[in-house]
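Take a look at the structures below.
Common to both upcoming complexes is chain A, partnered first by chain B, then by chain C.
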Partner chain A sequence: MFVSGVDVGSLTSKAVIMKDDRIVKSVIIKSKARPWESADEVMDMALARAGLDRKDIKNCVGTGYGRDKISFIDEAVSEIACHGRGARWLVPSVRTVIDIGGQDCKAIRLDAKGDMMKFITNDKCASGTGRFLEVMAKVMNLDLDELGEMSARSKQPVTFASACTVWAQADVIQQLNDKVPIEDIAAGVNNAMASRMAILANSIGLENDVCMTGGVAKNNGVVNALEKHLGIRIKRIRREDPQIAGAIGAALFAMEKASGGVI
Partner chain B sequence: MRVLLKMNNLQEYLAGLLDDPCNEVVEQAVAYGMIPLGYTCSLIPEPVLSAGRLFPLRLRAPGVSGTETADIYLSSVICSYTRSLLELALDSKYDFLKGWVFAASCDHLRRLYDNLGYLNKPEFSFILDVPHKNNEAAMEWLELELEKLRTALSSHFNIDMSDEVISTSIKENNIMLAELRSIGDMRKEAMPLFTGTEFHRLMMALQAAPRKLLSDIPGRFRDAALKRGGAGKFRARFMIVGGELDDPAYTGVIESMGGRVVADRYCTGSFPGLEPISESGKPLAAIALYILEKNRCPRMMEEFDRRADYIINIAREYSADGIIIQTIKFCDTWGVESSLLVAALRDAGIPVLRLEREYRTGGEGQLRTRVQAFIESMKK
Partner chain C sequence: MIKELLDASTVLNNKHVIQWKKNGKKVVGYTCSYVPDEVFHAAGILPFRIRGFGAADTTIGDTYFGPFVCSLPKCMLQLAGEGKFNFLDGVIITPGCDSMRRLDECWRKAGSDVDGVIPSFFFHYGVPHKYSDYTIKWLTEETHRLIAAVEEHFKVKITDENLHRSIKLYNQSRMLLDRFEAMRTLDAPPFNGEDALAVILAGTTMPREEYNSLLEKFLSEAENSPVIKNRVRLMLVGSANDDAGLVRVMEGEKAVVVADNLCFGSRFYTDQVEESGDPVSALSKRYLGHNDCPRMYGDYKRRLDILVQKVEKAKIDGVILQNIRFCDLHGSENGLFERDLEAMGIPCMRLEREYGPLVETGRMKMRVDAFIERIHQKKAIA
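What follows is the complex of A and B.
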């Protein structure tokens, strides 16, 4: 029995097809202006790569900001619940999930069974989200992947006076003009991001094990800095790409539904 | 008035009254020679502002799209409700008002009072100094303040504000409150006959137009709800708690995710706003007692436990599955209160979702996600 999860986020859209608790295929694309177009494209790509058709999917759950606009899903579940469920599948011992998406960030506490106990999300400010890193990387003329790697090469990370995206951007430009090594600026950006995220994570009360999901979980500079800020070890997700955790969670909900469970 | 037998038609009519600060009923009242007075806080006694030809209007800022002009005069840490009111005032949207009555309820609204005085001075403006404590001295003080308000209104508008007139106003007000209270009580039912959004709209419309001209509306609302026979399915019952919340669209977003708002404790809501004022003794003394005893505002000192218990009891009485605390960003009064309240409610075993927002309803996607996740976390 095949099931699928589609996570239409503000920056990327993800689709996961699962069978018997195993991922058959997953795809990530850049989101389009209209969520239903993103959902159609990412789902069709995943199906094509798996050699399947839409009618082969027994149940499909949608999540992400565009979830209500997806025509082919059977049910919509919040991305908070999906990230919790997906993280649990990726790291079975996890009790706290920190997810940094394109335009939001959230901390989720799970109980011993893996059910969501409580959560907290950022406000509308872009600080502490993937958008913050994207803006800074663009100013520094770097790829997002490079930004993460540079922290390791930094000898003297700069400190930003504010984690506000607008002010930090102005600071980055100033540092570039002052010919500060780009590694030190990049490390400063990652630290600023981590410090903002640590405030959110601490406010929910951390419980081990802790893991990170979302695209920013692939940025080692941020993950390492966040570990320092929180004073705990963050379990790295190795089983799959942490960016598809929400779509995995959606697929797991779909599997539960297809098996007669209630979401 | 159009025939308003169906809930949809009635809701459409009520929504129309909320589109603009000055609606058709207000215009009609002014044409009859009635005098509109704007007010900004639940601590201001409506019966005093309803005496004789006066009628009160709870000030809202419908349609405000930005606060560029108000931002010049008010700091960025002043709440967006205050800034929105000033914006519309500077845009002459409240020029139809014959006066403004404020309470010294918070520093933000006091700044609005100050700035209006400099920038667009109303022909009548009064600020009521409400004590922060509830004791004998506070009672005496507040009664004197109400006496000053009565004298100011009476002399400025040349109207009779005698004890008899205010007593009549209290009686009329109590009749309306009793009717609204009985409708509000219908939310205790397992399947309420109306949505929280519909009730919110009813409550707001009755604060946005002279109640004397809308006296038949609560009855029509009840009849329409009974006739319809149900308001649809929902996943969880909620109580909304917080400060100023005058936009039913916000309640609508919460309900669109499967919530059903069955109780409310916010400034423009039904708790604690619908209790009757005593009709015996001196009317101003009765009003002073009512303000100090019933307001449950976080600005009052040494009363946190009483306020928290009040909310917990209502949540239980109305079988709320969870409480949503919403506060406007930079609202000092509710910002501090909500932190303490979250802990108190969780200790009482009530699931809580805390939301910070701007005055104008926005960020719907994020709000929907949080509410949906809240419902999911309750296994509803």
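What follows is the complex of A and C.
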């Protein structure tokens, strides 16, 4: 029995097809302006790569900002619940999930059975989100991947007075004009991001094990800085790409539903 | 839903106000639920609760207030600056909180800068922050000062007899709203939280006689309306909310708001005013004593008990504790509520928002959906 999860985010859209608790295929694409177009494209790509058709999918759950606009899903579930469920599948011992997506960040506490106990998200501000890193990387003329790697080479990370995206952007330009080494600026950006996220994560109380999901989980500079800020080890996700955690969670909810469960 | 109630809840200068003014009568606006409507009713003046509803931006408000101030008084001043409150013949400002108290100075300054922004009657009604024999005496004296000012400015006489009559009328209204509250908290209520808020808001914008009549009609219709079942039952607590659209976003298809503890909500109608004895003293006791706003000192435990009782009575599944950004009173008290209610096993969700146009509802919806899912999980385990 095939099931699927589709996560339409602000920056990227993800689709996961699962069978018997295994991932058959997953796809990540850049999101389009309209969420239903992103959902159609990413799901069709995943199906094509898996050699499947829409009618082969027993149940599909949608999540992400555009979840209510997707026509082909059977049910919509919030990304908070999906990231919690997906993270649990990726790291079975996880009790705290930190997710940094394109335009929001969340911290989710799970109980011993993996059910959501508590959660918190950022307010309407790009600070502490993937968008913050994207803006800074663009100013520095770097790829997002390069931004993460640069922290390791930094000898003296700069400190930003503000984690506000607008002010920090002005600060980055100032540092570049002052010929500060780019790896020190990059490390400062990653630190500022981690510092902002740490405040949010600490406010719900951390419990081990802690893991990170979302695209920013692939940025080692941020993950390492966050470990320092929180004073704990963050378990790295190896089983799959942490960016598809929400879509995995959605597929797991779909599996539950297809098996007669209630979401 | 009766269209007239809905219209009155969403249009400031609604048809009731227009008709009232056409008849040559006066309207006085006030900013806080601590102001006794009965005083104005007894003077033949329409009391009108001032809101910031409909403000599209705060360019005028920002000019007079600082940046770290709740957006509600900014939106009120914005509308005043745009001439949206030109139908008001008077305004009463109270120290509901520091931001609201500051509205007094900001509105006066705006009035001195631009002609027509401030009405000729502009009165600061001091309301104490504690409830005691001494403060009831204080508020009674303050209410006498208000009465004297209204009498002098509008050339009217507010007699005890008129006050008694007004108290009786408003108590009838409160009795009807008690019936409304009982229907709202039924296991299968006949109306949702969005409509409930519209009904309550309408009462702050129209003559009370007309409101009571519309309310009776609404209740009769509700008795035969289809009921709402199988939804997560929410209670809404915290900062002032006069936007039924916000409740709509929270309710969606999966939840229904069946109770609240808001000043544009159940706090508007709880508790009667004593109908015998000195009317001014009776009004002061009710308005100072009934109100469960965190502006009042040393009453946290009582406010928590009220929430717990409401949770039990209305069979609440989860409590949304929301506050407008920079609303320290509700922001800090919501933190205490969350701690104590969660410890009792009552799921809570805190939400900070801006007052004003409903934008960025996606993020809010995502949080509320996740909260509803958490409640479903809790029920499934139980």
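One rule holds in what follows: the second predicted complex is superposed on the first by the 263 of 263 C-alpha atoms of A that agree within 3 Å, B and C clash if a C-alpha of one lies under 4 Å from a C-alpha of the other, contacts with A are read in each partner's own complex, and residues count from 1 in each chain.
By definition in this document, a contact is a pair of C-beta atoms (placed from the backbone, for glycine too) under 8 Å apart; a residue touches a chain by one contact, two chains touch by 3 or more.
All values reported here derive from a predicted model rather than from experimental measurement.
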Chain C versus chain B on the shared chain A, clash or fit after superposition: clash
First (chain B), second (chain C), both or neither touched by A:I80: both
First (chain B), second (chain C), both or neither touched by A:D115: both
Contacts of A:A217 with chain B and chain C, given as first, second, both or neither: neither
Touching partner for A:I57 - first (chain B), second (chain C), both, neither: neither
Contacts on chain A seen with chain B and repeated with chain C across the two complexes: 65, 76-81, 104, 115-117, 119, 121, 123-124, 263
Residue ranges of chain C in contact with chain A within the complex: 325, 352, 360, 362-363, 366-367, 369-370, 373-374, 376-377, 380-381
Chain A-facing residues of chain B, complex: 329, 356, 363, 365-366, 368-370, 372-373, 376-377, 379
Parts of chain A lying in touch with chain B, wherever the complex brings them together: 65, 68, 76-81, 104, 115-119, 121, 123-124, 263
Residues of chain A touching chain C in the complex: 65, 76-81, 104, 115-117, 119, 121, 123-124, 262-263
